Amino acid sequence: MSRVIIVDDAAEAVADTPDGAVVLIGGFGSAGQPVELIEGLIESGAKDLTVVSNNAGNGDHGLAALIREGRVRRMICSFPRQSDSWCFDEKYRAGELELELVPQGNLAERIRAAGAGIGAFFTPTGYGTPLAEGKETREIDGRGHVLEYALAGDLALVAAHRADELGNLVYRKTARNFGPIMAAAATTTVVQVDEVVAVGSIDPEHVVTPCVYVDRVVPVTRTLAPTVAAGVAR
Amino acid sequence: MSRVIIVDDAAEAVADTPDGAVVLIGGFGSAGQPVELIEGLIESGAKDLTVVSNNAGNGDHGLAALIREGRVRRMICSFPRQSDSWCFDEKYRAGELELELVPQGNLAERIRAAGAGIGAFFTPTGYGTPLAEGKETREIDGRGHVLEYALAGDLALVAAHRADELGNLVYRKTARNFGPIMAAAATTTVVQVDEVVAVGSIDPEHVVTPCVYVDRVVPVTRTLAPTVAAGVAR
Amino acid sequence: MTTTSSTSALPTGIDRDALARQVAADIPAGSFVNLGIGLPTKVANFLAPDSGVMLHTENGMLGMGPEARAEEVDPDLVNAGKVAVSELPGASYFHHADSFAMMRGGHLDICVLGAYQVSARGDLANWHTGRPDDIPAVGGAMDLAIGARQTFVMMNLLSRDGRAKLVPECTYPLTGLQCVSRVYTDLAVFLIEPEGVVVRDLFGIEYDDLTALVDVPLVDGTGR
Amino acid sequence: MTTTSSTSALPTGIDRDALARQVAADIPAGSFVNLGIGLPTKVANFLAPDSGVMLHTENGMLGMGPEARAEEVDPDLVNAGKVAVSELPGASYFHHADSFAMMRGGHLDICVLGAYQVSARGDLANWHTGRPDDIPAVGGAMDLAIGARQTFVMMNLLSRDGRAKLVPECTYPLTGLQCVSRVYTDLAVFLIEPEGVVVRDLFGIEYDDLTALVDVPLVDGTGR
C-alpha cells in the first residue's frame, strides 16, 4: 500500500490548494505544461498564488488562463515575454502581478536544491549582471560566483507521460524539462499522466521520478496542444 | 564523427595518466568498481595519485591493488574501513597515505557540483560534527549548514554496463552509484563497459550518461566479481 | 565520564528479534524507510508483506527486496552493507547524488540507525569511537541522521560495561545534532520530545529501576 | 552614449546565410554545440551531415535534429525557441537541472548567441534593452554565455542607426562578463584575445574603414 493516490478528476486533485500557496508548474512553453491540472487549480478558487514556472503562459490556456483569472500575485520565471504571452503582459503592465526574473539555469538549480536539501549554492551564472544585484558574491577558483538559495513549493503540478500504480514516472522527450526537479521540491506533488500502468511495467532502470516524490496521480486525455509557432522565444 | 574513442586495451586507455593526478574512481565496494581500468592504471606507472572513491578498496584487486602498490598518496572517501580493506589499513597505519574523510552524501554532492559548474554549496550534513571542523557554516531557514566545495578530477574511471558508439551510457542496478556524477566531473573520463552497441540501440529516454561526458570507452570481459561478503560495511 | 556500574546484576530485556519487531510495528504502512547496516537491517524481517513499506538503500535504489538467495546473487545489486539483495516490483535505480538528495531533502519518512550514544536532546554518536588507533569511517551515517523526517535509533540501552548509552551529552564524536526522535532499546522505548525524554514502553524492567540506570531526566509515558 | 552616425552610406557585408556558413565552418567536427534562438539557429543548416556535431538544446536534449516536418510535429519535442524539432540517432533526454549542469559545467564546446552589444574585453549584452517599458526576459542566456568553453556571437556589426555594436563598454544590461571569444558580423570576424580585439576576416570592407566604424582598438590579423 503505497501512499500515492490516483485521482480521476484534476479539480479534485488540487481542490485543497490554499490561497497564497507557492506553486511550481512544470513545462517549457507548452511542452510538459500540466494544462489540465492548472485548469483544476483555477476551479479550486485558490488565489494570491506565487507561481514558479519557466515561462508565464502561452495563449489562453493553462498557466495563461490562471494569470488571466487574476489568481497569480507573483511569478518567478526566466522568460515571461513571448509572442503569445498576452495574458501575462497585460497583468504585468497593469501592475497587478510581481515578477522575479531568474536565469533559467539558476531557476532549475534552485528548485533542484530545494528537493535535494541543499540550502544555497554558489553559481557563476549571472555574476556581474543586474540579476545578481544585491546578492552575495564570492570568488571561487578565480571565478565570480553568486549565492542563490533553494526554491521550494507548497504544491508542484507536473505533466509526465506514464505512471505506475505506485507513482513511479517516466516522461516523453523534451516534455521532461522541469518535471523531475519540481516533483522533488514541493510538499505536495500532483502529476498528470497520459496513462497509469501496473506496478512492474516500468523497468526500474528507466524510472525518471521515483514514486517517493509523487503524492497524487491524475490520468488525463490531453487536450489538443496549442499550435507550435516558429521562432517565439526561449 | 563523435570525439569518443573506443579503446580495446584498458592499459592503453589510461596510459597517459600523469603522476599527481586526481582520479575519481566509481564503485560502491565492488559494485561498479572499474577493476580492469584500475589495473590499467597500475600498469601505467602513475604515482602520487589522489583517489576519490567511496571506499578504499576491497580484497586484493582493483583499488586495493593500486593502494598496495603505493601509487596513492591521498584518499578522499567516506568509508575506508571494511572487513576486507587490509591494503588500505596497512598503508594508512604506516603513515604512507593521507585520508580525507567526507560524509557520503557530501562526497557525492561535491562531485556532482564539479560536473555541474557549481562552485560550492551549503549542506546540513555534518553540521556540528568533527567532520565540519574549520569549515564555514551558516544558518539557513533555521538550520545549520556547512559550506562544501566542488571536487573535480583530472581523470574519472567508471564502470558502466553498455555504451553506444557515441559514448552514451547505461548502467546496471546499484552498480550505477557514482558513475554518472564522476563521468561529468573529470577532465578525462574513461569508461569500461560490458558491451558496445550501435548508435541508436539505446533509447534516448534511457540514456543515463549522455555521450558529452565520455572520452574513452573500453569494452571488457569482467573478471569474476569478488565474493559478496555479508554485513561488511557501508 | 565516571564509571557508574550498577550494583545489581544487569537486567535482561527483549532480544534483538523482538526489538526489531517493535520497530517494525511502529512503521506506518506505505512509509519510505532506510534501514542502517547491522541491527536495523533485522527490521525488514518483521515488516508485513502487504505493508507497502518501501526500502531505500543509499547506494542508489528504492524498492529494495530481501537478501538475495545464492542463485540470485548479482554483484551489481547490493545494499549499503555490500550484501547481495533483490529487487521488488516498482523499484527504481538512481545515482549517488540523487540518492542522497532523496535522503537529505527529507523525502524518507524514517531511517533506523544503530548508535554508540544518544543524548537527551537527540544528538547522535554512531560513526567513530574516537580512539586514536581506529580508522574513522562515516559512510552515509551523517546524511541519514539528519536527512530522514524521523530518525529512530536501535541499540542496547547499556554498554558491555553497564553504562547507559542514553546520556546527558554525547562523549563520542557526533554524527548529527538533535536528529533522533525515538530510541528503541532492549529495556525501554524512549521518545525524544520537546518536553523531554518520554519512556513509552518498558521491557522486563520497572520504571524506577530504569531511572536509576539512566543519567537523564525521564518522563513516564507508559500509562498514556 | 553619443550618436556617431557615419558620414558615408553604410557598408554592406555578407548576408545572414553566408555569416552562418562562416560560423559553421569554424566549428570542429565532433563538437558539442548550443545554438541560440534567432540568427544562430541558421548555423545548423550549414553543418556538414558527417561532421558529427551534436546539438544541445537547453530544454533537455543532446542530439537535436532539424526542425520537424509538418507530419513529424510532436508537442513534446521542441527546441529552446519552442519550435518543433526532430531527434537524431544517439540523442538523449534529461531534466532541466541536468541540462544546465551540462552547460554551466563547461561540457559544451561552443555556444553561438545573438547580441545587442559586445565589449572589447568580451562582455556580452543580449537579454534586455533596459527600456523601462520592456518586459525583461533572460531565459538561458546568462547560463549559456558563461557556460560553454567558447561563446561565439553572431550579429550585424552596426545597429540600424549605424552605431557599432562592438563597444568599449556595454551600455545595455550585461548578460555575462568576459565570456565572448569571437564575434561574427556581416563586415568582419573579431577574435577577443589577451592582446586585444583581433580582426581575422573582412567582408566587403577595407581594414581602415572598419577601424573608423568601431570605437575599439583593433589588431589587424587578416594577414595571419
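So that you can tell them apart, the chains are marked A, B, C and D in the order they are listed, and the count of residues begins at 1 in each.
As a working rule, contacts are C-beta pairs under 8 Å (C-beta built on N, C-alpha and C of every residue); 3 or more make two chains touch, one makes a residue touch a chain.
Going by UniProt, the chains are A, B, C, D = 3-oxoadipate CoA-transferase.
Since the structure is predicted, the reported quantities are computational estimates derived from the model, not experimental observations.
Peer 1: Chains touching subunit B and subunit C alike, please list them.
Peer 2: In this structure, the chains that contact subunit C and also subunit B are A.
Peer 1: If you tally the C-beta contacts for A-C and for A-D, which one comes out higher?
Peer 2: Here the pair linked by more C-beta pairs in contact is A-D.
Peer 1: What's the distance between the Cα centroids of subunit B and subunit D, rounded to whole Å?
Peer 2: Spacing between the chain centres: roughly 36 Å.
Peer 1: Taking the mean of the C-alpha atoms as each chain's centre, how many Å separate subunit A from subunit D?
Peer 2: 29
Peer 1: Quick one: subunit C and subunit D, Cα centre-to-centre, how many Å?
Peer 2: 56
Peer 1: Of all residues in subunit B, which are in touch with two or more distinct other chains?
Peer 2: Subunit B, residues with two or more chain partners: 109, 112, 116-118, 123-124, 171-173, 204-205.
Peer 1: Can you list the residues of subunit C that touch 2 or more other chains?
Peer 2: Only 61, 87, 93-94, 97, 100-101, 103-104, 147 qualify.
Peer 1: Strictly by the criterion at the top, what is the full list of touching chain pairs?
Peer 2: Pairs of chains that touch one another: A-B, A-C, A-D, B-C, B-D.
Peer 1: Which residues of subunit C touch subunit B in the complex?
Peer 2: Residues 36-38, 41, 57-61, 67, 73-84, 87, 93-97, 99-101, 103-104, 128, 134-143, 146-147, 173-177 of subunit C touch subunit B in their complex.
Peer 1: Taking the complex as given, what residues does subunit A use to touch subunit B?
Peer 2: Residue list for subunit A touching subunit B: 109, 113, 116-124, 138, 140-141, 143, 145, 149, 170-173, 204-206.
Peer 1: Which bits of subunit D are touching subunit B when the two form their complex?
Peer 2: Going by the criterion above, the answer is residues 29-30, 32, 50-52, 54, 56, 61-63, 87, 89-94, 97, 100-108, 147.
Peer 1: For subunit A, which residues are in contact with subunit D within the complex?
Peer 2: Listed in rising order, the residues of subunit A that touch subunit D are 28-32, 54, 78-82, 88-89, 92-93, 99, 101-106, 108-109, 111-112, 123-131, 144, 161, 171-181, 208, 225, 228-234.
Peer 1: So in the complex, the part of subunit A that touches subunit C is made up of which residues?
Peer 2: 1-3, 112, 114-118, 164, 166, 168, 184, 199-200, 204-205, 207, 210-213
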